[in-house]
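Two complexes are shown next, each including chain A; its partner changes from chain B in the first to chain C in the second.
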Partner chain A sequence: MSPQLSTPSKVPFFRDIRTLKWALQILALLAVFAMFYWLYGNYQENVAKSSIQTDLRFLDNPANFTIPGNDLDQSQPVRDAFVEGFLNTLRVAFIGIALATILGTLIGIARLSKNFMVRTLGTVYVELVRNLPLLLLLTFMNLAVVLQAFPRIENAWLPLDLFVVSNRGIAIPWFIGSPAQLGIGILSAALLAFVVAKIRIRQADKTGKQDRAWLVGIATFVFLVVLIWLLFGYGWELPYVDGRGTTGGLRLDPSFFALVASLVIYTSSHIAEIVRGSILAVSRGQGEAADAIALSGSQKMRLIILPQAFRIAMPALGNQYLNLIKNSSLGATISYFELTQIAQITVGNGSPAVPAFSLTLLVYLAISLVTSLVVNFFNRRLALVER
Partner chain B sequence: MITWMRRNLFRSITDTILTVISGSILGYVIFQVFQFVFITGRWEIIQVNLKILLVGRFPEELMFLVGFSILATCFSIASLASGMNRPIDQPPTLAGKLWGLFQRFGLIIATSAFLIVLAGDMAAVLFGAYVVLSIFAGRLFGIARRNTPLKRLPGWLWVAINATLPLVLIFLTMGQAALEEWGGFLINFYLAVVSIALSFPLGVMLALGRRSTLPLLRWLSTAYIELIRGAPLFVLLLLAGVALEFFIPASIAPDAIFRAVTVFTLFTAAYLAEVIRGGLQSIPKGQAEAGKALGLSTFRITFLITLPQALRNVIPAQIGQFISLFKDTTLAGVALSVFDLLNVGTAITKQDDYLGQGLIYESLAFVGLLFWVGSYVMSRESQRIEKKLGVGIR
Partner chain C sequence: MKSKSLSVLAVASAAGLFLAGCASTEAETTTPAATQTTTTTTTEAAGSMLDSVIAAGSVRCGTRDALPGFAVLNDSGEHVGFDSDFCRVIAAAVLGDANAVEMIDLETADRFTALQSGAIDVLVRNTTWTATRDGSEGANFLQPTFYDGQGMMVASDSGYSKISAMDGAIICVAKGTTTEGNAALESSRLGLNWEIRSFDETDLILEAFLAGQCDGWSSDVSQLTGLRSAYPNGSDALTILPEVFSKEPLAPAVLDGDTAWAQAVNWAILATIQAEEFGITSANVDSIRDTTTDVGILRFLGAEVPGSDGAAVLDPNLSLPTDFAYQVVKQVGNYGEIFARHLTPLGLDRGLNSLWNDGGILYAPPYR
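Then we have the complex of A and B:
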């Protein structure tokens, strides 16, 4: 008689793995709901007690404050102030990202240089900046550099007589005319330059000569800008000191300068490390192959190594860009009128705190999402197509 | 030497120009720093305010507790470190050992010596001597463990014995003085340590949740992580500052430090979860499958096989996250008016004796030094631990 093989009897439902799994999940969901319910209940209770608005009606109230460098009226609604803050955040983000990428790439390359001095300089910069809090850099830039090292307006520095640097901000030469005219002019010149460079590359591909597309493109761009300037009589305007302020040119707020400078310094040290790591991650054979076909040092870097390194660096770079955008909220600590500062002021002026800050958070979330979409798009464009 | 110079400094004309330019920038910076530190800097503002910079308004009569906590921590770390098995491939020479010690601890020793000189009283010197003594005692205790019957102690008991004393002292210190009296560097340190300790388990749970096969758990974790990662820490802190009392009943009445710890914990956990998820993804499937073949439960496979390896693989990234948390503790100072090191540093330049004298350089340099040394030592140690655990080799 053979021993009875245990027939797979039906598992009771409370020991069935599927039931258990769903029970666990539903339990977790219930816990989360319970917590939210508790928090929301408290919120309702407290709001009822202090009779504070809970919706976004406050956006229509008058703002009651002005933004320096902007013709926002005190009686305009809070909504306009928020829009202006949003634009200021975008301004800082765009300029900061562009400058930090350039500086970071240069320093990342410098850290791998064969030249001892250049290498040391890069290492000192990265190790020094990376280990300091951003807020410390920002405070230093604001209190020590802009407000203390920069001269008063009476004896402002005038480097090359083009700029006016004082503790009331930095004025740079700027184009006369409306921003739209400037934008259209530059955009059309850039577009034409791009087309010319593309044609040039196609020609070079046929003939096998060097394309020098960058050189040709930039030359076209400069030529077109000069042409527009001559034809339409637009021009540059130099800033000059005028009593207690500056006239002409474009005036950058001292807080804007401090914020952008510290964000660029801080983020570039992180970008430098990413670029360095990515260059090291490009396989050695690529550089050796470039040497074998006798490319010069800069050609090897520009045409062979960096394009591949940026493919590797792209996701990490995207993270740094997101960090820079989020860190621009620190502008509020030095009264730069970006989104967070606007939210803080309106809350101080009596707008309800929870909706105002929630709106701010949502805007940052939206900016982050759009940025990561853009980064992902480029990442997919750059990614190696493998079979 | 000449060959080295020709290779590294003057390979070509462009190279020579680069050398001259960067050399002069470097030389100028070094000269300026040297001049500032030794000649033009007026360091008496730091000297006078040293106590408030380091511990804030911490009550004088309880300072001995802080001192004892530091001593006990040094003792435990020294004895635990000497108990660890070291690589046996090549016994280092005495000079090599000293050089290694200098690389690891030189910066901390130099900073401590600097602080003692700055404090400039007998108590500080004595305290320094006690620290050295406690480190030696810890090492002796550690060596004793290897060479006496103590070696029969199980490892966890050994760690527990060592960890008890400092933890008891630290909790005693926390219980004795009201948190509002804490300040200066102590508060940055406290915020960082508590938030790290709390965010780590939360981060692990979120990472496991995001990798889970259970859809609801996965969605919840993912939503949490992405929402937090899309928000700036500073705005979250501001929100906690003005809005937390709407959500939490007044009976709990969170103070500023509690709010800061909450936000830092929730924030860091989301980032940490992404780091740990990266580690989990780097573990080959075979590991979990081998665990299944041995008949281990999912729970055991996770906590005994995949998670330990995953955590080991991402040590530098985890510690990098902790470093940025340590640096971000300065945000609590502005957003929640906590009297932290940076806040104290800017506040002391507005004292009556120093107002309008432009001493912000001195004060920020001191603040920066403490943060820099802390972060730099942490990142160095993370690289050392990574090498020691043989990531990528074993």
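Then we have the complex of A and C:
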């Protein structure tokens, strides 16, 4: 009996797995194209029916509205209003990201604490905040906290006589003089301090002697700032209640405060979990090694654990930063004049909706992509080089 | 393999977006001219909104739900108010049934998008007729239902007695309205440095106002009157300052380029004004139609007018039923009745909104 060997006949092309895979992908591609074509066709048809503008000429029309805390004139073009909205979005994003990172890291560490009280508080915070819708948190922060829990301007809180806190905003002491000049001064001082610290670190590495390089750097920075201060003659200005508003200092918009506070509280609960996970992901041996060479608790965290944890956390943190930036658009619901609010106002006042919102969309996309780029850059710098 | 197919998809959708972008820039340069020539033909081809309303058997009316006097929800969830009644006027004229209305509540900032997208047939929502809205929002404004002006409301204990005294005040307004622009203009005209805050909804302004975040609440005087009457701390806690600093003709709007539908809506509203001028009310419309010999009134009510070659009913070819005015007055009432029903209780005077022969500017073209 000879074994019956059936020679495998050629698989027909319509059952060839490679053909099928290609066909599926081409079908998907066609479906996507068809959808866009259909949507665009509808848009064109509707536009033709109702003579709505489709270009960006509306940017040159007068804005016809003003922005709180800003001297945008109502006769300036819509373009300028959009720029102001963009800057306000950036303000919220920068301050929000910085504060959320600090708060999130602290809470993340707290959740790993050996102290029962600290650990439980951390857990309660994370579980409470993480499970709330952000819009609700923001509405609560605005209607319940800022409007009702903050005092009216007539009986404003004056902590230390330095601040004026009321439901019309928080005024803080601020310097008098050109902000650009001071910014350049602080930036150059920071740069110089950084260089000094780097040199000290290099020396310490060479000689092997303990050196408080960063402390020296900070001292240099403070010294330089004070020097610039004295040289250019800047002064503080304290805010005070003046009738039904405040004069002097820097006034933070109440909706700005509500927005930043909500975004920071919300995002920090997510960052805390990322930080906690990343710390746990650092190999146990690292901590034991730190104990073995008798580093203190804070030294162990600061020098050994956190630098490695942040390397792990970086990509996830980047996502949270993007979320925070995009979520800042919710400020429109509480009258914070960021990009979305500006777009809504201009559309309500006669700017065409499709180009105005398309423009807004592209600006958010650009901000997010730039943020991604920066995060990826740091991620590459921090990532372990694997060979 | 999976990741590869995903990336192919991603590239495809990116390409789709890119192509859509290219096409739109291309279209932008050609659209203005193209629009002018195609507007009428497109509409004719697509058919009038009037036909689709008749086919659907109800009018989709863009309105709101929280403005006392103009449109609020009553205990049984029905829309009640001046604007709501004009929605019913349109339904009564076009469909012969004042209740054949679907009220669609819109946010202030979304109202024109709703109109442009065809989500509503007509917008009757305290909307000021301005040149820019007429020109660039694709809206076709019709006979104003209410001639209004912007004013300022303050807390009675605030000590403000006139607008020019409100230096450095925080003024709260509704977002996406002409109010923002008028307030900004008034502030710069009088050199008052107002801080103008815009909110999505009147409820939010109310919260801010109650908490003392706003010094002034600026809006059309009619709106302020309605809001004042419903203020939680009693209407005496608020004062509307005497100055009025803008012209606000509140008019219904339909989508541009649909003449038949625009005419139908326009004449439905004009009928309420003409009925008041004739002295026809919902109570006496039947008896007047049966007894009058006035040819003008008979024509207006769509009754048979005796003529040399037999009785005839006037049909002005408005694509409306010939008895539309009768239905409007019978089912909803004339302009004066609607005003008295909703706005007089708020303490609003007829003022500019009186008939032309009574010191106002309401004037309907002759129906013949």
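Keep this in mind: the second predicted complex is superposed on the first by the 358 of 387 C-alpha atoms of A that agree within 3 Å, B and C clash if a C-alpha of one lies under 4 Å from a C-alpha of the other, contacts with A are read in each partner's own complex, and residues count from 1 in each chain.
Please note the rule applied: a residue touches a chain if its C-beta (ideal position, glycine included) is under 8 Å from a C-beta of that chain, and two chains touch if they have at least 3 such contacts.
Just so it is clear, the model here is predicted, and its values are computed rather than measured.
Once the two complexes are laid over each other on the shared chain, residue contacts for A:N327 go to chain B alone; chain C is not touched. By the touch criterion defined above, A:I186 lies against neither chain B nor chain C after alignment on the C-alpha atoms of chain A.
By the touch criterion stated above, A:T120 is placed in contact with chain B alone, chain C being left untouched.
Contacts of A:L143 after superposition on the shared chain: both chain B and chain C are touched.
In the overlay built on the shared chain, the residue A:F33 is in contact with chain C alone; chain B does not reach it.
Legend: residue contacts after superposition of the two complexes on their common chain; A:Q74 is shown touching chain C, with no touch to chain B.
In the superposed pair of complexes, A:A316 makes contact with neither chain B nor chain C.
Judged by the touch definition given at the top, the superposed model places A:T360 against chain B, while chain C stays out of reach. In the superposed model, A:F58 makes contact with chain C only, not with chain B. Put simply, chain A uses residues 21, 24-25, 28-29, 32, 39, 46-47, 143, 148, 332-333, 344, 347, 353 to touch chain B in one complex and chain C in the other. Of all residues in chain A, only 21, 24-26, 28-29, 32, 39, 42-43, 46-47, 110, 113-118, 120-121, 124, 127-128, 130-136, 139-140, 143-144, 148, 326-327, 329-330, 332-333, 340, 343-344, 347, 353-354, 357-358, 360-361, 364-365, 368-369 touch chain B in the complex they form. On the chain C side of its complex with chain A, the touching residues are 1, 5, 8-9, 12-13, 16-17, 19-20, 23-24, 27-28, 31, 34-36, 38-39, 42-43, 46, 108-109, 112-113, 116-118, 130, 132-133, 135-138, 168-170, 175-178, 180-181, 184-185, 187-188, 194-200, 204, 207-208, 211-213, 215, 255-257.
Chain A meets chain C in the complex at residues 21, 24-25, 28-29, 32-33, 35-36, 39-40, 44-55, 58, 61, 64-66, 68-69, 73-74, 143, 147-148, 152-154, 167-168, 243-245, 254-255, 332-335, 341, 344-345, 347-353.
Against chain A, the residues of chain B that register as touching in their complex are 7-9, 11, 15, 18-19, 22-23, 25-26, 29, 214-217, 220, 227, 229-236, 238-239, 242-243, 245-249, 323, 327-328, 330-331, 333-334, 342, 346, 358, 360-361, 364, 367-368, 371-372, 375-376, 379.
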